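Next come two complexes built around subunit A: one with subunit B, the other with subunit C.
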Partner chain A sequence: MAISIVLSGVAIGCIYALIGITYNVMFSASRVFSFTAGTLGMLGGVLGSLFIARIGMPFAAGFLLALAGGAVLGIVTEIVAVRPVLKRLDQHLYVLSTLALALMVQQFTAIKWGTDARPFPRLFDLARGGFDQQFWLPMVACAAVIVGLELLYRRTLIGRAFVAIAEDTYAARALGLPERSLRMTSFALAGLIGALAGFAGGEMLLAFFGNAPLLTFYGFIPVALGGMGNNRGAVVAGLLLGLFQQTANFLVGGIFASVAVFTVFIVVLLVHPEGLVGATLQRRV
Partner chain B sequence: MEMPAAQLHTSRANVLGSMSAIGTALPFLLLLVLGAVFPFFGGGYWSLIATRACVYWVLVSGLNLVVGFAGQIAIGWVALLTLGAYTTSVLVAGNATPPLPPYLALAIAGAVGAISGLIVGLPALRLRTFYFAITTLGFATIVTQVALAWQSVTGGGVGVAGPIFPEPFSSPTGFYYFCFGLAAICTWMTANVAASRFGRALTAIRDAEVAAEACGIGKPVLLTTVFLFSGAVAAVAGGLFAALQSYITPDAFTLDLSVLFFIAILIGGRSSILGPLLGTILLTVLPEFAAPLVAWSTFLYAALLLAIVLAIPGGIAELLDFKNRRPIESDRAIIPRPELLARLFDAPGHVGALTLEAVSLSFGGVHAIDSLDLEIRPGQVHGLIGPNGSGKTTTLNVISGYYAQQRGAVRLDGTTLPVFARERRAHMRIARTFQTPRIVGSASVLQNVMIGGTIDGKGTFVEALLSLPRHRRDEAKLRDTAMLALATVGLERLAAVRADRLQHSELRFIEIARALMLRPAYLLLDEPAAGLSAEEIKRLGAFLLAIAEAGTGVLVVEHHPDLIFDICHQITVLNLGRKLAAGTPAEIRSHREVVNAYLGG
Partner chain C sequence: MSLTRRQALKSAAAVAASGFAKPAIAANEPIRVGYLPALTGPSSSTGIGITRGAELAVKEINDAGGVNGRMIELVTRDTQSDPTKAVNAAAELVNQQHVDVIFGPLNSGESLAVVPQLARMKMPQMHPCWVDSLTDPKKYPMCFRDAPTNQQIGGAANRYVVKVLNKKKVAVISDTTGYGTASVNAYVPMLKSMGAEVVYQGNIDAANPDLKPELLRMQSAGAEAIMPWSVNAGFLSRIINTRGDMGWDVPIVGQTTLGSGQTQALLENAEYWAKVYPNNFRSCCFDAHGKLPERTTAFVERLQKAKIDMGDTLLWWIALGYDGPRMVADAVKNGGGTKPEELVAYWNHLKNFPGVYGDISFTPDQHNGYPDDEVVMCKANSLKGGAFNLAPGYSA
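This part shows the complex of A and B:
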């Protein structure tokens, strides 16, 4: 029993961590938290199920198309909900514009795909065992994203440009970095990661439009606790969240587990509004 | 004599005020009459829609104070509707207790809602926008999950029957009048709050939080009060909603509904009661005209939200604001009337000196101020000069409580001022202005100045809610004082104009008028001459001197040497956080190091 709690906890934690990274990649490029993060995860699951189970495409094609769908939504987010707002004096409007877009996508899915949770296809023809693919797929996806991002940020020019934008937008712009296209690329990358999270966790979460607000909420917890823009913090906090949630699920049951997660989240944030890692005070006067 | 002129302006403003009050009330009266006769014309089905609009408005009216006025992005407010609906239904059905009468159940739901509103809202005191939005979203998700899972009480997915209110409210028409009455009361109450010092303080927290603190507005207490009220009416709306639906399941409370409430406010416009009211009616009625699109309604609401955020962030209220599209006279000069100060500062109390004793503050390794001693006396103008980064503004921020010094003390008349307590400064009659004016752009000039006198109001929030006499006296007095303060700085003609339409120099004088509302013992000004013309600087100088002569101690942080040497009784020169020189203007002018460093030989 303990083993299956740990397995499912780590697996779901990996999905939360990936959504957290989705938030972070968008945030680093634009200083904007987007409500579409969880929607991307939902879309990964729905598109995967649509292409592979319903249309009957081969696994690889369905996988790539689902990721591409996420990337497209990432770019749309940037163009429709982020870019116009960044020009404004009142930049808090992004909360509303990204929320509106997230809801539009979610409702569109609900109408076209249906409001029932549908099964996600089994990707590999393996027998169900203890260490099942529904557990190890999210782990593999999470590891791949962490390694991939590290390589991107450290080894490639475009990755270093991302880091520069995240560190100091004005200085990066002064150096002649194309801020806008870098931001768009970041959002595409974030879309890809979000869709991957939903795709890899498809078997656990099912292809269900209602996953969007859940992932938006649970995926933000790793960001809030791990520190904004801090991917390693997000992974650690995501895994802890997953384990905590699954343990609470087992010990006190589903609803009270949700209440417990919510309570812990609020209490930690109230004590450490800047997250458990890193604390910066803003200059106000 | 100038006095009658100012009185004339004040009385004219009162006449204008009462005329515009009728103008503001007119649309509400019209809606009241329409609503009262509606059942005689609309059919049974339309009465149902109208009832729903009333129920929604009961919730939205309260949420409007949170979102439209205080600017808190509370997107999960449907949770309170859910709580109210289940509390009322379960108590009436007697699933957990002996069955209670519907009115009592509704009242209990209101109390539960108030407490829950507080719990949902409290994180707003510590967290930033997105974090707060997410916590309300999380709360909404969890309430629905609990409703679904707690089967013995809520009936789980099967649901529970809604309450039925006894005669005369049991028939559809009767129930409509019940909801309509509550909606009308909510409109009246929130309009009262909006026009009160609490409403103005909320917009100040939203648009100029730092200035709100300097005016002594305590965000925690104010927001707590508003969350209690907003939660209570939302839960009452929930009880009505359950009765209207006659049967409730967790499915009835989707996030869509939350979005509807939220969008109604944004369509309506911030700091408005009428706008969100029209928005609520519009959003409730709209789907009825587009029957084939019902499935798409949430999608369309979301699209509407996006369009409004991107195209008209001001909402309906701004579209309807014809008054502020009239041009204001372009050729205007600010001519302060210092002679009115005596009337503004009636019965000034006597206070001792404001002193800094060995105050030090460093940011990381940088010594912003380094064991600084300073004495500011009442009735004198004290200048603080020095190059950029010498610690002038930091000193001002320590005195006004925005920064906490690491060593040393700030004392007023010998009493140590508490560290970091910004809102307490106003109560000690220490007022300040800011380097960039911090103004509520969407409020009128008069309202902006009235914000400065917030702490002098005596009536409580409940008295404002019900517009009781003591509150009305507060408001009349605040309005008169604010008109007088505006006349003193010479801007009374612009009293009714939206503040964001004014010129920069005028905003500086509005900030001074707002600070004068405190009848300050000490007035701290952060670069008041920046952006002013030479002529305006001269008038400002004379005005500041007059303020000092009226008994106030004035501290000016400035770069303009002319202004400083013309008006200051004492000057302190800072360099790298240390005092380089101090003395009268004549002494400073002949101080060798100062002359070498800044004034040029």
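This part shows the complex of A and C:
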């Protein structure tokens, strides 16, 4: 029983963490919390199911196209919902145009894909068991993203440019870094990570348009708890959230589990407004 | 007294308006049946299935010469699964199309909005929606239901679990929708009154991706049967899949969606569909010898002759649709005409109308016409040509 809670808790936690990272990657480049993060997750599952199960593409092609779909939505988010707002305001934490875009994509998916949950294909022909692929796939995806981002940010020039933009937009701009291109690339990267989250969690979450609001809300909690822009914090908080949610599901069950999750979330933020891992922002004077 | 030219013209116009010719026109004019199916949107699978039956009935009646020489005209408006559009369509059918009677809407969400509206408009209405409050002879004296109520649906499932399967410890769960929570609240006391013990009761977020903790709690509470009340195929399939993964040999008994194609598509293993018993109707189920009731067999032959596809829908939907226009035709033929009071007066004393879906009877105080014993449970994994096998334990 404990193993079951840990396995599914960590797997779901990994999906939440990936959505949290999606928020963070977009936030770092633009100082905008884009509400399309959960929609990107939903789209990863739907596109994966569309390409592999419905159209019958090979796994690799379906996977790459699903990720490409996420990247495209990331770029569209930047062009349509973020750039016009940032032109007028240099900093705007929550941009409602991203929420509008997220709702539009969600409704479009409901119309074209349908309002019923549809199956996500089983990717590897492995026997079912305790440590099923629906559990380990999100874990592998999460680990790959963490390692990939570390390498990108520490070992590559473009990664360092991302960090520079995130640290101080004005200084980076003054040094001649192409802020707009970097922001658009960041949104493409975030789209890719969000779609990967939905794709890896497809067997658990199914290909369902209603996953968008679920992931938007539950993916935001790791960001709030882990500190805005802090990927490590998002991973730790995401895993804790998944484990706590599954434990609450078992101990109290039903809708009370959701109540328990949000109660703890509120209490933690009251005690640590900057999040569990985040540092208080210092104002430069 | 002299008659002026103006008075003469007025009199002639009045005679023409009141019309000697009118009875002849009325005798030939079509019986206009307003029909409100959801042909697009999330509820469209039901609407499309029911429409196949309704259109066949109208064609058969008209091909046979109509009702006392009058053809039936189905004036269809797609509600798009949207209660607001259903309300607008109902208003248009009454005010602009001047229909004689309305059949539909076909789902409860739309009917909750349309039934009070048609009652205010004094329009006779027949609908097949299950929510209990959708008939009330006092509030809606012109509204009739030719299908079971939720009480009958839950009652049949409860009877099957307690009396046929002889399971006394039951887990009753639902999603968090209004339908789900209302069903749990209604069916739990019913189960208790039948001597069952509800060892687990809960409303679960249908979006919860892992239901294993819930099923483990049911198992440790000693549940011998699970009764989920939801129309969400994703939620229901997760329950079935989790039960299968756990290797827990417990029957799942409940709503018709348990046997739907959408639920089937989400199963991890086809074998997991065994011991799943959704609601169905005796008239549209195969008995232990693989036979449908006589009336239904004849109906299926007519469907095949008319080349109506049954493979992608459910037989009881088509049968239900088929009965709607026939009940209108029966009322016009035997009740005297298409005036609202004539239709309502006839239906108020209807006794055993021989529908394919079931024998329908109404009284002035009871506008729920479907018989209790026609609501049964079936084997989810036995779908063949739109019909299921009766669940084990029913006599033929």
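Convention: the second predicted complex is superposed on the first by the 272 of 285 C-alpha atoms of A that agree within 3 Å, B and C clash if a C-alpha of one lies under 4 Å from a C-alpha of the other, contacts with A are read in each partner's own complex, and residues count from 1 in each chain.
Heads up, the rule we're going with is that contacts are C-beta pairs under 8 Å (C-beta built on N, C-alpha and C of every residue); 3 or more make two chains touch, one makes a residue touch a chain.
Just so it is clear, the structure is predicted and the values come from calculations on it, not from any experiment.
In this overlay on subunit A, subunit B clashes with subunit C.
Contact with neither subunit B nor subunit C is seen for A:113 once the two complexes are overlaid on the shared chain. By the touch criterion defined above, A:205 lies against subunit C but remains apart from subunit B after alignment on the C-alpha atoms of chain A. One of subunit B and subunit C touches more residues of subunit A, and that partner is B. By the touch criterion defined above, A:4 reaches subunit C but does not reach subunit B.
Once the two complexes are laid over each other on the shared chain, residue contacts for A:214 go to subunit B and to subunit C alike. When both complexes are overlaid on chain A, the residue A:12 reaches subunit C alone and has no touch with subunit B. When the two structures are aligned on the shared chain, A:103 is found in touch with subunit B, with no touch to subunit C.
Of the two partner chains, subunit B and subunit C are each touched by A:254.
With both structures placed on the common chain, the touch criterion links A:85 to subunit B but leaves subunit C unconnected.
Of all the stretches 116-124, 152-160 or 206-214 given for subunit B, the clashing one with respect to subunit C is 152-160.
Touched by subunit B in one complex and by subunit C in the other are residues 214, 253-255, 258 of subunit A.
Of all the residues in subunit A, the ones that touch subunit C in their complex are 1, 4-5, 8, 12, 114-119, 122, 128, 201, 204-206, 208, 210-211, 214, 246, 249-250, 253-255, 257-258. Of all residues in subunit B, only 73, 75, 122-123, 126-131, 133-135, 137-139, 141-142, 145-146, 148-150, 210, 255-256, 259, 266, 295-296, 298-299, 301-303, 305-306, 309-310, 313, 393, 397, 402, 434 touch subunit A in the complex they form. Listing the residues of subunit A that touch subunit B in their complex gives 33, 80-81, 84-85, 88, 90, 92-93, 95-97, 99-101, 103-104, 107-108, 111, 213-214, 216-217, 220, 224, 253-255, 258-259, 262, 265-266, 269-270, 273, 284-285. Considering their complex, residues 41-42, 173, 176, 202-205, 207-210, 212-214, 216-217, 232-234, 237, 245, 262, 265-266, 268 of subunit C touch subunit A.
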